[in-house]
Amino acid sequence: MKLSARNQLKGKVVEVLKGATTSHVRIDIGGAVITSSITNEAVDELGLKVGQEAYAVVKASDVMVGVGD
Amino acid sequence: MKLSARNQLKGKVVEVLKGATTSHVRIDIGGAVITSSITNEAVDELGLKVGQEAYAVVKASDVMVGVGD
Amino acid sequence: MKLSARNQLKGKVVEVLKGATTSHVRIDIGGAVITSSITNEAVDELGLKVGQEAYAVVKASDVMVGVGD
Amino acid sequence: MKLSARNQLKGKVVEVLKGATTSHVRIDIGGAVITSSITNEAVDELGLKVGQEAYAVVKASDVMVGVGD
Amino acid sequence: MKLSARNQLKGKVVEVLKGATTSHVRIDIGGAVITSSITNEAVDELGLKVGQEAYAVVKASDVMVGVGD
Amino acid sequence: MKLSARNQLKGKVVEVLKGATTSHVRIDIGGAVITSSITNEAVDELGLKVGQEAYAVVKASDVMVGVGD
């Protein structure tokens, strides 16, 4: 599927941490690691595993901007 | 302010496109460009300009994962 | 791309309304019409047009539940 | 309450899965099943149970569009 | 409708600013003013006007936490 | 960091409830209590504790408007 989401960052899965219903998946996009919080069900369905190629996908309206430290 | 958001990606503003009420701001994080959709008011208040250092900030629950092409 | 988003509802585009930077796209999923607010850029890139097959895609953490009237 | 959210899809609860702090609620809207991820507290407060009428509520800015397969 | 959203803050509309497709609505909740970005269509449908009682509604998963200055 | 998010509500942490991967943090902003759902990791990193000063931070596009009861 081709998606409207403006941000589709290619990387490699570096961690999959499963909780009771919610998992945290970390994707190294080269220079930065993105943390994603998705359902356990999605992790199982996509068969997400450390070392796998994956995209971190974010809608533009979910990105804030920060300046300074 | 120190923020709970798991994803705070440092980069440089490469485009600021103002609409009627909503602006699109693009931040080059090195290897990828992140698009953010924020209010015009926020752009004015932060004084966002091309060339400026800025962070793209995303909550983990707003990051999806995609696999395949 | 195969996506972690739990909700991928197939339908037909019934309206594309472009604003200054933000478009509203309506997708009839059969029995209900879903309204999506995305960037003009995404509309152009996907070539969205009335009559086209498309999916409304929503992350589970963005769905609330309501009861009563 | 009358809500600004553009998408209020009527259906029936078909599953309530409670985790440690987060529940997954599935609502059959006729032809499609919507998955929602909400707090356990919200599940208790609304008294959500399988078989109950409920709405899946989604803000337009949280809906992406996908095309192709 | 009774909603799962954990945050339903009662206040008074103090500004309605319409753009091409997106409006900004400000609600004074007593001590703080909340800014909401919703569709023009929602503004029309709810008949939102300055001085009116209204709720700012936010899902818990859309609230971040910040500390320090 | 100075943030684009329109809503940065100052208050005091009144509850921190940790789940398997997701925590619920409640912040009393004076007159109202805001519930936030964030990662356990964020709670640890910010050292969030009851009694601490904190901000509830919400992007304008994540705020809906409700009218009536």
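Order of writing sets the labels: A, B, C, D, E and F. Residues in every chain begin at 1.
Rule of thumb we're sticking to: a residue touches a chain if its C-beta (ideal position, glycine included) is under 8 Å from a C-beta of that chain, and two chains touch if they have at least 3 such contacts.
Chain labels with UniProt names: A, B, C, D, E, F = Molybdopterin-binding protein.
Since the model is a prediction, treat every value here as computed from it, not as a measurement.
Each step here moves to a touching chain, and the least such steps from subunit B to subunit F number 1. With respect to subunit E, maximal separation of chain centres occurs for A (centres as means of Cα atoms).
Chain copies subunit B and subunit E are related through a rotation whose angle, from the C-alpha fit, is 120° to the nearest 5.
For A-C, the equivalent interface among the listed pairs B-F, B-E or E-F is B-F, as over half of the contact pairs agree by residue number.
Remark: subunit D and subunit E have CA centroids separated by 21 Å (rounded to whole angstrom). Averaged C-alpha coordinates put the centre of subunit C at 22 Å from the centre of subunit E. In whole angstrom, the spacing between the mean C-alpha positions of subunit A and subunit E is 29. For the pair subunit A and subunit B, the distance between mean C-alpha positions equals 16 Å.
Residues of subunit F in contact with at least two other chains: 1-6, 8, 19-22, 24, 35-39, 41-42, 46, 55, 57, 59-62, 64-67. All chain pairs that count as touching, in label order, are A-B, A-C, A-D, A-F, B-C, B-E, B-F, C-D, C-E, D-E, D-F, E-F.
Residues of subunit A that touch subunit F in their complex: 17-24, 35, 37, 61-62, 64-69.
Looking at the complex, you find that subunit A touches subunit C at residues 1-6, 8, 36-39, 41-43, 45-46, 55, 57, 59-61.
Listed in rising order, the residues of subunit C touching subunit D in the complex are 3, 5-9, 24-25, 27, 29-32, 34-38, 42, 46-48, 52-67. Touching subunit C in their complex are the following residues of subunit E: 1-5, 19-22, 39, 41, 59, 61.
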